[in-house]
């Protein structure tokens, strides 16, 4: 496997994780700082199932996603009804909690020394197919009533509730969907790097995911995909520049949020409408009940 | 005849058991008191953290994550001040506090003022504050490096002993300084003109500006005061634990303290901080430090379920 | 049986009594007005009925069933819709999606169908898009605005979008919170016509409208029964003629306004 293929796989995994975060933060306005911990859940559960019980790849992933969603349900249950910042910081606390649990459970998960020996299953085709499936699912979600309800809840939760939207339940639905996608990214990560340890899924990773959503644009799925690709590639390629790399990266983020809070891509989306404007094809032919 | 001779050793045995039990109870009590005092000292630090965090929350209505970065910078500059000038404990603390205050104001200029100018939604303030915290961490990593440092033993390792309980002079000093700082803050907020301005802005930012108060200056002042508290707290944390670049993450404890105590007033974070400090000390003593984060998280979750407004907090109803 | 009954409802905010022992009975096809100076508690009553605020005491019944402790989403699904004094439109959605939001709870597909079976989504979207267009048409919002973001519309039109959104809930009780605020006299006449049109269109559904307003032209013109509030207390209740000549009302409120 060439260096470039490996790079692409890493980018794809990152993009999937960021899409999961985008659903939650971009579309619904629920800031979550434990996204990396859901990646950890996915990676560890599927990894352990594969290593200790020799469960096949796809089944392990499916079980890991179901388990992660269940855990997500439990922690979100009290918090979904509360204020936004409580949600954010509870997910952060959960991240720390999970890290402590993982570090402690040396006999089961290998503790701080990590879990090794996960079979290598994720080549570039599996990564790309996964990405396409995730994009399609999220796009369908966005175009359905759920997508609109998420945006409404983000803009004005009170008004949304008077329009028949049970905001707590919808927030839970979106959160669980986001957890499923993010933990899927974690699973792929485990089956690619074949070794995982708790330090990979810490607070730094969680905040990276959130920052990438803000970089790409809170309203733009394509923006988030392109933005994340660009950022992951630059970070990997510039790895040699040393410690100042991260400082400059965060500084750029601050300036971006200061002066272009809608993200690099703002509201731009690669869908029928952009093609219309580009090719001047009348909307009645292309639009399908949008 | 036989019974009388059997009775005496019987009473003796009972007596010895009771005496041992009493001594155990006394020991347990002493251990308990010891931990309580340690907990109060730790709680004082958490209270400082929570109050600094809560100040910004009350004034600008967002959770200021960069407070962790302020603590970090305060701690490191204090350390270098000590290394260069060999300052005493108090001077080091002062240095840390002031650099924390300056750091907070720099952060405000960089990441908060542009957002306020655009009337951005609160989520952006929050994210930028996280960026601010990360920026501090990466700055330290890039300039100083990832290695741990430690403060020397200020005040020596002498302890004050009351019976079997030993209370380190350092812990006692930190507790006293925390209390003095908190009282000083209360005096400042309630008895001085600028303190009153801060409280006014915390109530209603627009009306206050209509009353002729320069709101922007007041907010910068609030950041400075919050930074003073944060820097001081950072030095304490550096003394208690070690000096390392991820120190800023301890702001999570400050947030937890605020949630437990209740935001929206000055008392809430203090109560929450002290409670959290005592709780954490007891948990660490009785079940070990590795299990403590797990239990803390569960307790936090319980609080959010049962009393989300915290002990001293108020639920604010949203009106249409 | 009354369509909506508010029984001895009070709301205290700490020491302030926003609403003091308010009672109201609404039958089908009625148009009722609530007036009073600012701070009299009118919007609070709407907040209590729509479930946004919790009552301190008292009960609220809709079609005989008690709704006092229901959530706002449940109350709106039962058939009580409202508009807002400060609009509260969704900025991230275009105008037609804003109106469609009120229909989403009626769309017949679940989460998994949304993810895996787009055709059903398209079908339901189309159906309710047409409903949204009808509502917008009824309140006379021009079609060229349908795909704009609401902040790009003139203020008067934004208010109508808010109204169309409430109508798309297919309500039986419509709470209008100061719909004429910020409108010029010509727009107010248009609004009066629109409200009459709404009454006619929805007569079969027995729609009743409760109107909170300051503009006397609208209240006197439209309402059959008027409640007058002052500092949370109901100081008068009756027909427009009765209210106009009532001493309490005149001293407390009307003065030289009308």
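Each chain carries a letter (A, B and C) given by its place in the written order, and its residues are counted from 1.
Going forward, contacts are C-beta pairs under 8 Å (C-beta built on N, C-alpha and C of every residue); 3 or more make two chains touch, one makes a residue touch a chain.
Keep in mind it's a predicted model, so treat the numbers as computed, not measured.
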Based on CA centres, what chain would you say lies at the far end from chain C?
B
Nearest-to-centre chain - CA centroid comparison:
A
Computed distance of Cα centres, chain C from chain B, in Å:
48
With centres defined as the mean C-alpha position, give me the chain A-chain C separation in Å.
39
Give, as an integer number of Å, the spacing between the C-alpha centres of chain B and chain A.
32
By the touch definition above, chain C meets two or more other chains at residues 50, 52, 84, 88
Touching two or more other chains, which residues of chain B qualify?
318, 320
The positions of chain A in contact with two or more other chains are 158, 162
In the complex, chain C touches chain A at residues 50-52, 71-77, 81-82, 84, 88-93, 97, 100-102, 104-107, 109, 111, 114-116, 118, 121-126, 129, 165, 169
Interface residues, chain A side, partner chain B - complex
29, 31, 33, 75, 78-79, 82, 84-86, 88-90, 92-94, 96-97, 100-101, 103-104, 158, 162, 203-204, 207, 210-211, 214, 242-244, 246-247, 250-251, 253-254, 257-259, 261
Under the touch definition given earlier, write down the residues of chain A that touch chain C in their complex.
137, 140-141, 143-146, 148-149, 151-152, 154-156, 158-167, 173, 177, 219, 288-290
List of chain B residues in touch with chain A within their complex
62-63, 110-111, 114-115, 118, 120, 122-124, 126-128, 130-132, 134-135, 138-139, 141-142, 249, 252, 255-256, 259, 290-291, 293-294, 296-297, 300-301, 304-305, 308, 318, 320
